[in-house]
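Notes to accompany the following structure.
Order of writing sets the labels: A, B, C and D. Residues in every chain begin at 1.
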Amino acid sequence: MVCPYQGNETFGEEDGAGVRGFVKVGAEVEREFTVYFFDTDAGGVAHNLTYLRWIEAVRTDLAEALGWGIGEMVGGVHGCPVLTKTEVEYVKPAKLGDRVRVVSRLGQVGKVRFTVESEVQGAEGQLFCRAKQELVSVDLKTGKAKALREDWRKKHG
Amino acid sequence: MVCPYQGNETFGEEDGAGVRGFVKVGAEVEREFTVYFFDTDAGGVAHNLTYLRWIEAVRTDLAEALGWGIGEMVGGVHGCPVLTKTEVEYVKPAKLGDRVRVVSRLGQVGKVRFTVESEVQGAEGQLFCRAKQELVSVDLKTGKAKALREDWRKKHG
Amino acid sequence: MVCPYQGNETFGEEDGAGVRGFVKVGAEVEREFTVYFFDTDAGGVAHNLTYLRWIEAVRTDLAEALGWGIGEMVGGVHGCPVLTKTEVEYVKPAKLGDRVRVVSRLGQVGKVRFTVESEVQGAEGQLFCRAKQELVSVDLKTGKAKALREDWRKKHG
Amino acid sequence: MVCPYQGNETFGEEDGAGVRGFVKVGAEVEREFTVYFFDTDAGGVAHNLTYLRWIEAVRTDLAEALGWGIGEMVGGVHGCPVLTKTEVEYVKPAKLGDRVRVVSRLGQVGKVRFTVESEVQGAEGQLFCRAKQELVSVDLKTGKAKALREDWRKKHG
C-alpha cells in the first residue's frame, strides 16, 4: 500500500546521501528466509523486489511487536502505516538456496511519520542489502494522515 | 537481479536529499499499464512493489531502445545492467482499475554505472510515484563490473 | 482474489482429465508480453506463477471486452468474478527476453459460474502453457454468489 | 520454473475430476504463514497467486526433508523438479492478517514424475485451498527429463 498523503514533516537530511548501516537502538525484530526459486531471477540470485518483500514482512512483524498489529492497522485505533519512501542499496546478491536474516528496527518517530531501517544479511553476517523507509499513519476511512497515538510515540519515539 | 559490485563511482550528491522530478533530456521511453487485482492490496490501491515492477519493465524497454536489449545483456557484449540502488517516493496511490503511464529516462552515465529516473503518472497527469535508480554493468560470467561500451557512453552519456 | 463460495454447479466432467487445447468459439482476447527479468527464476525461464499473472491480466481484459470491466466488478451491477479453480499445464518454458502471446476465451457460462480458457504461445505459435479456470460471480458486499446478469448470460452463454 | 518436457507417463485419471482432499500417507511437511498486505488484493483477501507461492515454499521444504534440497536440485545428482501441472481449488478466502498453515505431502512417485498434494488451512482447521501438482525431474544442463534416483524412488515411492 502506498500513501495518499505527503505532509511537510521530513526526516533524514542530517543523514547525508545514501543509506547508512543502522546502529542498534530501540525496538528490533528479525526473521530468517530461504531464497526459493520464485525469489530468484535468470541471474541465479534473489530479484531486487524480493528483498523489499522480505523487509515488508519483517517490518509488519516489528509493528506487531510494538503493539501495532494488522488488526489495529485496519481497525482504526492507530491508523494504518503507509509507505511513502524507500531508499535501498543492494550490496551483494543472495543466491538461490541461501538462508538470509532480515533485521528491521524502528528509526525516527514523528507526529504522523516514522522510519524503519532494515538489513538483509547472509549466514556469515555479510550484508546483502540495506533499506531505510518512511511511513505515514493514515486513517483508512478518510485516506488522510492520522497522528500517531501519543502513548505509542512517548514509548517508542 | 542485484549487483555483486559496489565501486566508488558515485552519483547524486549534488541532488541533495529526496528524489527530484525529472527534467526531460536524453532518451526516454514510456508505457501504459492497467492496475489489475494482482497489482493491488487490501487497501484497494496498487501495492508499493507494483510500481517498481512497472518501472523495471519500462527501464528494460528503455535499454532496448538504446541498443541494449535483453539479448545483449546476457550475451556479454555489453554486460548486464544490475540494480545497485533505488530511491522511490510514493506521492499518491493508483487505484484498482486505473490506467497509469510509466516514463523512464536515462540520467547520468559513468564508466560502469548509470542512473535511470522514472515516474508513474495517472490519466490526468497526476504524479503517483517517482524513482531514481542506479545500475552497474556487470559481466555475468565473472560477476565483476564491466566498463560500459565506449561508443554507447559517447552516444548516450 | 479467491472465492468465498463453492456451490454445486459444476463444469468440466465431460472433458475428462487434463486441460484440452481450446477450440475457438465465442469471445476471445489476446495480448503480448515480454519475459522480463522479474518474470524469470534461476532456471532462466519464466516462473510458473508468471504465466498465471499474464493470464489474469488477459482474462480481465476479456471481461472488459464483454462489458464487465473492473468498474462494473466493484460497482456491484454484475458482481465480481472470483477464481474458484485453476487447471494449468506447463508444456514448454518461455525464456528470458521471449515475446509471448496470451489468448483467453470465454468457455461455459452457467448461472453464477463461468469458465475461461487461456493459452500462452511463443512467437512461432508453439504452446508454452494452457489453463482452464472457473470463476464465480460474487457480491463483494455480502461475500455471497450473485447470479450473472440475465442479458449477459443470453448474449455470451 | 516450468518443464521443458512432457512425457507420456500420466497420473491422476483414477482420481476423476477435481482435486480431492488428501489422505495422510507418506512424507509430509507443514509451515505457517501470515497474510501480509503484499499477499492480498483489493478484495481484502489473499490473492489466488499467493496460495501457490506459499505451496511452492512448503513443497521445496518437503523436497529438502526427503533429501532433495535446492543444492541437490541444481547440483545435478538428482535432477531438478520442474512443475508440469497444477490443479488448485479455492474454497474459502484467507483474509489480511490471518495465520495460515500449509501442508504438503508427497503423492505418487513414478520414473521421472511425481505428485505433491497441498492444503492451505486456517487457524481453526478450515480449508482455504487445496492443490495437486505434478513435477518432473529435469537435468538442468540438457533440459531433458532425468530418471528419479532408484534409491529415492524405492524409499519414497
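The working rule: a contact is a pair of C-beta atoms (placed from the backbone, for glycine too) under 8 Å apart; a residue touches a chain by one contact, two chains touch by 3 or more.
Computed from a prediction, not measured in an experiment: that's the story for all the values here.
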{"item": "Pair joined by the larger number of C-beta contacts - A-D, A-C", "value": "A-D"}
{"item": "Centroid comparison with subunit D (C-alpha atoms), farthest chain", "value": "B"}
{"item": "Whole-Å gap separating subunit A and subunit D, where each centre is the average of the chain's CA atoms", "value": "30"}
{"item": "Geometric centre distance via CA averages, subunit B-subunit A, whole Å", "value": "21"}
{"item": "Centre-of-Cα separation between subunit C and subunit A, whole angstrom", "value": "34"}
{"item": "Multi-chain contact sites of subunit A, meaning residues that touch two or more partners", "value": "1, 37-38, 41-43, 45, 47, 49, 53, 56, 74, 96"}
{"item": "Subunit C-touching residues of subunit B, taken from the complex the two chains share", "value": "1, 34, 36-38, 53, 56-57, 60-61, 69-71, 74, 96-97"}
{"item": "Residues of subunit D touching subunit B in the complex", "value": "37-38, 40-45, 47, 49, 96"}
{"item": "Subunit D partner contacts - residues on subunit C that touch it in the complex", "value": "1-4, 6, 10, 12-13, 15, 17, 41-43, 45-49, 51-53, 56, 74, 80, 82-93, 128-129, 140"}
